[in-house]
């Protein structure tokens, strides 16, 4: 009816690739994740991308509460197709931005986690898979409480730290302990858990003993660099097998030269090229969900950390969408 | 129906001020302008906030195409009420983010301008008033072509530069000439035009002769500093009278210590306190539209320029909403 | 015995002003506050400078936990004498850096506050006065619990926000509410409280009604700019009279062009020149303690916020040392 | 005659290596490229280094118009001899800074390109070879129109993107299409064209089909990382053979951790070490010109992008000077 | 003869204001000061702009050796005419960039200073006036040794510090003492010296006693703010009278919010607006030379310090050119 | 006796790992190196960590005088145990921060060096080993004069430059020549010297001829990348044998993408992962001291350079502590 709609429709008709907001010029539009549709509910969604702007579990440099916004902004640089793997996630899955699972009660960690779980349970009930953006790493625990509702899942974990610590400064729950807690709560199977990229100093010699004693496979940065990404990911795929598996990517696995915007940087990390290939190595895994955590943009003057985050989120979306499509194919 | 909605509804019921997305924690949500509703059409909207991410008219440092996004992001820091003026713009007007008037054909300036005009015409037809965020200052011209459809309007113009230049490097239209063009096209009345904050060197002595010869009132930074904001704005209100008036705010009127993120910074400018008071001086003017231009975030490492931009946009919204309400009152 | 001690002693003997670590070249030495002596206990100390690296009460941008370190670093730029006021704080008072009151249990806000109170109580018992560096503004409450042990004190409060809010997101205590809580706990006398520099939008119209209803004097930024610093501080001195008074300086009272490194920046603030003169206006007040809060260095690429913080801390030290000396004189 | 000349001449006589401006302390002097002589005309020049400060073909983040200045500034860090290859470009060739080919008519892309071509034609007529610094990648096309005047040349192209796209937003010419246009205009031979470092997502699956269908050799980043620089460059040398060849280096082939200052960053790129070795692999190629493009310094807070650019420009100069010397030797 | 010259000449003929390099687009060209002509000798020059990239006299944060380059770069933002004062310096004086007076022997301060003096003597002998850009403030001394060859001159000195200290760490000469040394050497007349903007702490109470005891007029920042720029400059003009006077502008007189890029920042300084008006207050003074010092760009992430520096240099050029023209008029 | 001590002691008793200041939250405490004890004398110290904030030998970008402070700050991110090598340096050695060897006479390079030597002699006399943090690379020479008091030592040198130059601009001593001087003074044995990571252009072809002619082993970056870290370090260990050896680490051996904060960056360097492994390759060497130099934090907006510096300092501490323990074991 208005001139505007008519005019632009005609114009855009000449450039069909510009109809999709994801293909608009990168500086335009309101930045949802990938400029995908924003949805209030997950009913018609296959993959629900969710922000979790909570960093109350951080023990050092804070700011990961701004991670979802930064990744949304940088995700405007993403495009529809994965040139390297030929994946077309938006073609094979209905992807939407479900907004943020922000805790209304942020001042108490346990209560905040409960709110996050509730938010994800509502999505999981619809059958959608979740792709979350933290927030600090403590948020993986409440997400797993929703996602792993039917028994322990496998875990492929990219990180500089095992995050299987115990009580710290009076709290069992914090960003250094989600995965010991997840084992104790029966959410992940330590025998089907692999932790990749571990490095850095420790304040006690056996800081990560839970990982070793519970049977997790720990791949240090030295082993990763020695064997290479392909070999390590082949082992990861074999370890988790065909059963349900969750993937969690802490941005601090990437070297701080590439990704300075994080709370606990450790030098001597992987490149963004290696990060992409680690995630592509998830192809074939029966992924039921994934998260990307610990992006703290106030430490990131160039935006590179957010850009890596957005690109890794796209790579996670590709493998998650393919895993879901494979499950659908198996059902039909 | 889902747990999530129920849970959060209950929670939010305890905190009624948190129901409005604009009052959510600042780090949450997808950043529309003021986190106001996003609308495809202006039919049910009083004030349409529109991004104009176009900087093809820039002659020096570019990047204002990212202005709308930066202002959207920083506008998450805004709140509903104006403590200083007691204005409550979201209570007295329906405010929505209409998205971006981005030109599908950006490589040709005249065509790009035509697309912008068309976008604004569609909004103006619904009776909504527009509050635009550029982009470079050349975009004020195509906006005025839509907004001043029924005859020349008054103009209150905050800027370091008069922007009434002539041809430059082969183009009549660029970010240094919108207002000479607007006079020639009968969009603004030079006798009801006031330009405030003018300063800086010039490449020819009579660079802004159009302003003087056409009868515009030019207030140099020296006169502004000497007389003060209140005196100058009283003159401005008297000059434009009760007829329709448009306001345009170039961020470079503010000193670059406050607002470094712009294309043509000029030292010796006003403070952000003075900027707020200049805009508040528009109270009582019969405003029919306004714009904020020339924010180039790549030159703004702290985000201060965007924050000033978002706050000035809020101040413009306050006076524009009040002007519209006053017109409605007069009609009833 | 060693060559080194002898050599440097001889050398330094030639430059007596270099004996004091505070006068060493600015880039040398381990940065305690003002490079003053570090003390474990306050027994032989008149003014105890204490860091409070806690920001668990923040509702928006975090990072004030790094405030004490940043102020220590920038305080190496300070010198012994105040050229403007002729104050010589290190001559009239024994000043020491008492280290940090960091909460061992940071994950629960109420418990963390209790630890902070305990830390300050131990100092107050020795008779020393405290000069604290936060941390977020919530820390003023636990400090006042220690400092105002013998009845409500007056309060001179420099801030963009009144910080007299109520419950927020499930917590009575946060960085927007310390002074309503302090009134309720009988720590400050609202009739002897003045809040200077207030501005910014609010999410509800009567956000700071507690200030008005309890009888605090609220000086908006507009009143401050209109009347000037001297007039306002004369009123402040009269208001608090000769009784015990505490001063609290939130760095966000300063305009973000000067001090971007803070969690809740509000444009339209004061200059650093005005900030210095506000603090100098405390001369003659019976100050028993002071704090400086809300410096978040990750938002401060130039270090200017920390430099202003360190300079304001020096100005606070000058007036606090003079107030203490005046009390001592009165006793003798 | 003056003291100064005598004094400094005597002084400099003691330090013969300091006579050459290129060897002056890095912080001195007016920054021409390599602090080489500035020339108005190319008559006595072998290698003309030219800036092309034009970024009107950019579709995303702008600012490459400041690339020539930034590279000039950072080129003051360069030195005369290449320690790795033993090349001495300033000894074997007369190198001069010819200034900037800036378009007088920048608002129309086609006209601007014509001006650039004209500028380079004037140089090419003198027999000099050109080494250009953009500017966006669209400028390679007008340069090739001047340089490849006697028939299609080979092309060795380092980039994250093939830049062989078609019409985009109404323009056939932009920074994503110079090489499809160059094939169509008979300026480069697609069979003698190799594109190295290609990666990133695409908005349509066959975005770069022109490269494949026209017979260009496309080396993805994965193939490059798998085979290594030496193998790929051996193939490149074989592909182009002994005929005239042009080299074009888009800085975005380098990973954004190394070179963030560019318009379309793609993570997962090469290191600066690999970049140097790619260019050194041009040794032996019959190079007749080269360019370096897409450096946008406003996105580069450390200056690293400019430093890599200046160093790559030096490496390009080495191989171009050697190629020219080889041609001269062949003639004599 | 070449196409290029013809083409561009024709083009430029259409835009006569573009013939002058100073009016070319700001991002083009090799950045000499103001993009003025570069000259090896001062014989045909009225005002010689000279860089002095030496910071060996710095006692704290270094980097002013990069000041001349930064000011050259930012001076590309300057234009030919002064809109506020109507000065046209390039019309009434022949202005050239004489390059840098860089010391060949930088490791010994006294020798370095001697080289700087020699460089300026060569210029002074031609009758040209010098406008210098440091470098640290110690360079004013060797410049004065050349410029004040015929007896002590008056001095108008803008600075946060008096710079009339004594020996520091074993050296009589450093950036805190040039003007006590200049008095002792008979280069300046303390009775015709005024120091404006003084502030900050001091390591000893009477740090600047030389200023007071020698009879200099010291205007503290408080007096300047109280009386205003016009009153203070009227006093300055009266103090120096009609005799020869030199002006020196230390960028740290400007507040670090405006000019963070300096070695010894002091908060509570002047705005850039005040800085411009201070320099304009030199109109009518018999200026024989001027300098601008202490710009350290590595502490200046936005470039604002350099931009203020370049603008102040332009203002200094205006008053210096007018003073010279007035002397010439008086002679004729 | 005070509440505070009791309270915190009880609290800390629950968290024994928190008793050690090194394990306190990273944002707390006054930043000595590793938050180790600060000592005035080395009598009870095995490894004395010393800052050398002197950069008077720099020929290009300055600021390394701030290196010790930056490394102290970033060293708060370090932890007690080396997860990769299982080293526990604080368990096997008494480590203390001895403060800064700052020259009282900084304006004369030779005198400053003498002061530094004197400072280190005093430490060496106590039998402690020194781990120094510069400052520019010229400081290695005065340190070696103290440390190599009983005859020439071996040297393992990580750097982009050989630093065996001759006179430069009138000074034999500067940051490009410490190791030619050290050979000439009999402090190091060139036959037991290896220089690793050499690259970059040179102003004369044979700039580093001293290295080659004196018999040092020079490993270029190309050889290092070709052979790998393990092979090169095996050669290094064999070359120096069991005799006393010193290690010096210039941060510029690391690529500027990782470590931009340095005075003479050279692209094409090593990663931080390689840097860690180079230092770990010192295991088994009879190390008697080490230094880390050339960190200039004003060029380091993210703090990454300081973080790499702190981590490398920790790695150096590990191998130095182990070497000392091995000597002690051999004695017992």
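Of note:
Chains: A, B, C, D, E and F, in written order; residue numbering restarts at 1 for each.
Assume a residue touches a chain if its C-beta (ideal position, glycine included) is under 8 Å from a C-beta of that chain, and two chains touch if they have at least 3 such contacts.
What you see is a predicted model, and the numbers here were worked out from it, not measured in a lab.
Any chain touching subunit A that also touches subunit F appears here: C, D.
Between the contact lists of subunit C and subunit D, the overlap consists of A, B, E, F. Ranking all chains by how far their C-alpha centres lie from the centre of subunit E, first place goes to A.
Between C-E and C-F, more C-beta contact pairs join the chains of C-F. For the pair subunit B and subunit D, the distance between mean C-alpha positions equals 41 Å. With each centre defined as the average position of its C-alpha atoms, the distance from subunit B to subunit F rounds to 55 Å. For subunit F, residues touching at least two other chains, in rising order: 15, 18, 25, 27, 59, 61, 65-66, 104-106, 169-170, 255, 257, 299, 301.
With chains as nodes and touching pairs as edges, the resulting graph is of another kind, matching none of line, ring, star or complete.
According to the touch criterion at the top of this document, the contacting chain pairs are A-B, A-C, A-D, A-F, B-C, B-D, B-E, C-E, C-F, D-E, D-F, E-F.
Only residues 55-57, 59, 61-63, 65-66, 104-109, 111, 169-171, 174, 298-299, 301 of subunit C touch subunit A when the two sit together in their complex. Against subunit D, in their complex, subunit A makes its touches with residues 14-15, 17-18, 22-23, 25-27, 77-84, 86, 88, 255, 257-258, 271-273, 275-276, 301-304, 307-308, 311, 314. Remark: subunit A residues 59-61, 169-170, 198-205, 207, 220-222, 225, 255-257, 260, 264-265, 267-269, 299-301 touch subunit F in the complex. On subunit D, the positions that touch subunit E within their shared complex are 2-5, 7-8, 11-12, 15, 18, 24-25, 27-32, 38, 41, 51, 53, 65-66, 68-69, 72-73, 97, 99-100, 102, 104-106, 115, 118-119, 121-123, 125-126, 301.
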